[in-house]
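Look for chain A in each of the two complexes below; its partner is chain B in the first and chain C in the second.
Entry: the complex of A and B
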């Protein structure tokens, strides 16, 4: 418990500083969360869900935390501009774990749409989000409790009933600091009945220091609401990300999620989707491209609570050199969830003998009239295909890239925004060629 | 006339087992050679060794192609130098479109020869022209490489690729297998149309049938890893009639 102890002391000694800068809604959840964290500490490899992801080790660095909310950089546009060609998105920025106010008006008072700082909104419109904030996350594990105890800001997106946002909402998280830093971010996304939105979340680093981020995202989809959520992590080896995504879907809502891990250090994405309304559909996809000693884990849990819901999962990993991938996929079909159709697919390429993939599909079925299937494979690139291409004059490296690109393509095709899909195609190709050079900017918009 | 390719005392093995036991074969520009022989005689091993398949090891002998040491070249460089294999079993490559595949192949070849990459317009025009040569459906050309193609379509696709790459030395490894008579004619027509005075073809086949359409100048019989008989086109007819027993067990 040595790592925990330090953070427990920080919390107990500096709680007033943490709370001073925060909305009461955020503060009132801290005590319970902190007690839970204090009781269990950070997860260890003895916890089944963390067996292949040694999270405790990630907290060993002596991180600083920006508890006093020092304005590290007031203008994100100075840091870099993000402009994906043809995306027609309006980027919003989070620096480490602080929302950066932009020039543009983010709150549209006439329609009731809000896109902005969670802490600000929790102050100004507490009633609007009080039923949602921490409602799903309170059942989360000790990392989630840690986040709830320490969190001071993040982003909030609220789309009222029947409103459709056609423009892609892009939220860019920049990891940048002059010290090794621990960030605790929180995202709250509420789509009321029949609301529709596309959200793109990008993580980027311009950092020589080590960054550790806990990120808890809660998403509530009302009846008939529809959300496409695309997450892109393109940071570097100095960054650790512990992300927890909770989604609750009411009847006939649609949730489409793509999680692309392009470049990272240590990543663990935990995704928990609960289908509480009949006719809801969840589509979860993920792509991880890892090399060196990168670690990428996706732990998904889909709770089929209501009947007539469908879920689909497709996770693909390409693991080179000494990288490790983890996929845990649990599908839990509750007794009342009759006529559920659920499919889970996990395909993995290990390009070297040292690359490791740990795959664990897990089905728990308590209803009898359902369709549920899963499949997981680990393999290498097809040697026959490689040779066939070489015979036609395609150099071996190029042939490998074509095969890997084809393998990844299935996940990218799931993305509904043409401009983003085209951009990702180019990025992935560059990634395979080793041309994804790091700079202060966001590679998503570089030509 | 100078030789296009000269195979001298070629020995090759796979998984430690010697398959080729001293092949000698010389092909001059413009010639069509046929290699016939019973199952397991080493026909496919020979074609695989010629294109540098990594599973096969050459233990002895040499291959001189256009005056160069062929065995020292990588498979892709052999391709760039004009060697083409029509595979007996063309590989399905899921997710790689025929267009991207061919573009990568053509541009790699052009780069090797110091030429600039082809413009998209010129490339698509070339695809259209060559497709017509083997009546390959444009829908197939838009699909993933060989994925979901019938046996006949796969073989036509091989000849389409041959047309795109314009090789100097083509090896047709049992291109007739799995083809009905119409498809066989289309494939053979394609091969004949691609024939130039300076290009040569090695036809590997079990049957005389294909040789009715692609007329060989010289016919060889491969048996137990060696060429045991070489003669004119009449040898193919004789084999069709008498089988291989008289070669396996000479009286």
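Entry: the complex of A and C
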């Protein structure tokens, strides 16, 4: 309990500082969230959902928190190194947990589109997001409550009825500081009826210091809305990320999500999708490439509440050296969710005998007229395929890379934006070859 | 085909047919659990000091534990002080005469388990256990000639204390879980099997468990040891009377498989499942585990679970020896308000170990049926291979079917596959049968039996027929 105690004290002593810089909407949710956190503390390995991800350990570092909202004085353009060429995108930046205003106007007043700071929007347009902020997250676990209690800023994207944003919205999170830092970020994405958007979230770190982030994202998709959300994590081994994504889909909405983890330290992504309107479709994919002592966990829950919905999941892991992969996928079909079709696939490659994979696909079904399946495999590269390629003059290393690349390809193909897909192909290939700038001799490719 | 359908129909019209109560004078100790009860049970069974000490250790450990809540079950609170922990249907006098109460004989006859060897139709040796005591073991002498020990646990403790002491608690430690601790403290009777080196057991060994007395719990303990190069096929069956109160059954089964040995363990579990309102029924909390200690050893679990109000059972294999094999075939049927959380654990420790899991769940009525399984491949278990398949069939819109598999892989040469599907009987299949003059109810029986066939085929013949009948009975009235 010692770690919690410290944060409980910080909150109680500095509450006025936290609230000083924040919109009333953010502040009014704090008390209830803090009480919940205080009661339960950080999750331990006794909690089923955290059995394989020791989160308590991640909070042992003595982190600083930017409670006074001190301007870090960094130039986003200097720090950002991972550009996606040919991507028609409007980049927006978050430094640690503060939104950095860019020169271009982000609020388009005529169409009602808003892309910008959550704190600012909660101040200026509180009514527009009051029904959404923390509505889904309030049921979250103690990490989510911790985030709600401490959060001061993040990003907000609101797309009004019928508006289609053609260019990709790129939201880049840069992790950089002079101390070991704990960030609490919040993202709120609301797509009203028939709105459409592509959003790319990138995490990048340029840091010698240990960074810990809690990130809570809430997404509301109105009737017929369609969202492609791509998350790319390319940070470093000092970085811990505890991300929670809550999605609520109304009828006939489409949600397409890809979560790519290339380089990281400790990552736990919790994804919770609730299909409340009939005809909604959710497609979740994920790829994790891990080596050294990387830890990547994806915990997904899909709640089929309404009938006639479909969902699809595909998660792949490539684990090398002493890395750990955790996949925990649950499909929960409520009694009224008849005519649901839901499929879940999890495939994993273990490359060394020190790599560990924990897979736990789950089905919880309370309706009878449904089709539901899950499959999970753990294995290695096919020796026969390797031999076949070597016979034809392809060196073993190259053959290995080709096979791994093909394995990863299935997830990448799911990405609809051509420029991003091409970029990821290159990034992944570089990752396997050890040429990634942050790779510093990654071992996946040395063999 | 027609004949077999008639059988189904005939059986489908019957409710739980083993629900009668036998009027047998039974020596029941007072309700409640404390150290003196543990001592009393030990004394009644005239046990050696070390076993009493073991029981007391387990009891003291149990006191420190809490009832586990992780299963996908809604377990009403159990008052462990309201249960009597020992019931002996053999009256003292008759024990001395070595004669069995004719009422008792009748009971087992009624259950289709003749205890007189001349009446036995099949090549099966039976150990019949009622409440806390083994009533009779048949074919003991024949087996003894081959050096096979097949007797009740109480007898084994008296006659072969060294063997029992050597193996008891080595697979399921009393610290293993809540119910293992409880069982280790108060276990009454069960079977003890020892197959010596190089012996192939010539007949099926079988234990029949019956709960008769009211307000008692049954805490059976079974220990099977298959020494090097031996083989045994063991069957287990269970029934209980219909009562409005719930009864507790917390058993431990330990199996030790030595080098090149093979053990086949089959269960047809038919405890009273409660009535259609969910009243009564047996709580079945069982720890079953086999340790494949020797190289090239093989353990196969087959279970047909149709009974019990609540089932909490995970027959497991520890694949310690190199090239050892574990198998798990299961059909679990739940109807009305039954709940089942069942599955297996395959722990791969040795090299080239293989395991297969085939689990078929069928839920009907308002029941909840879960598969929960673990496949663990440890760091040194090179070339481990596992294949798991879990299918669920839903009959009705108010039931639930759930799958919770865990895969912990610590080795790069492991190949692990897991598949699960959930569906209902398709309209097309039913229509096809209807077209050919097969009624809907019969058609469902047919389809369900076909669905479970993969598992039923693994059962010894007599059991397979019984299991097929049971499937139909359990699903009676679930069509609609």
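One rule holds for everything that comes next: the second predicted complex is superposed on the first by the 430 of 447 C-alpha atoms of A that agree within 3 Å, B and C clash if a C-alpha of one lies under 4 Å from a C-alpha of the other, contacts with A are read in each partner's own complex, and residues count from 1 in each chain.
Note that in this section a contact is a pair of C-beta atoms (placed from the backbone, for glycine too) under 8 Å apart; a residue touches a chain by one contact, two chains touch by 3 or more.
Since this is a predicted model, take the numbers as computed values, not measurements.
When the two complexes are overlaid on their common chain A, residue A:402 makes contact with chain B while staying clear of chain C.
Applying the stated contact rule after C-alpha superposition, one finds that A:363 touches chain C and leaves chain B untouched. Residue contacts after overlaying the shared chain place A:24 against neither chain B nor chain C. Counting residues of chain A touched by each partner, chain B versus chain C, the larger count belongs to C. Of the two partner chains, chain C is the only one that A:379 touches; chain B does not reach it. Of the two partner chains, neither chain B nor chain C is touched by A:64.
Shared-chain residue A:371: touches chain C; no touch with chain B.
In the superposition on chain A, no residue of chain A contacts both chain B and chain C. Residues 70, 72, 379, 382, 392, 394-424 of chain C are the ones touching chain A in the complex. Listed in rising order, the residues of chain A touching chain C in the complex are 48, 335, 338, 348, 350-380. Within the complex, the chain B residues that touch chain A are 51-54, 74-76, 78-80, 84-85, 87, 90-96, 100-102, 104-106, 108-109, 112, 144-145, 161, 165. Listing the residues of chain A that touch chain B in their complex gives 382, 384-385, 387-396, 398, 402-403, 405-407, 409-410.
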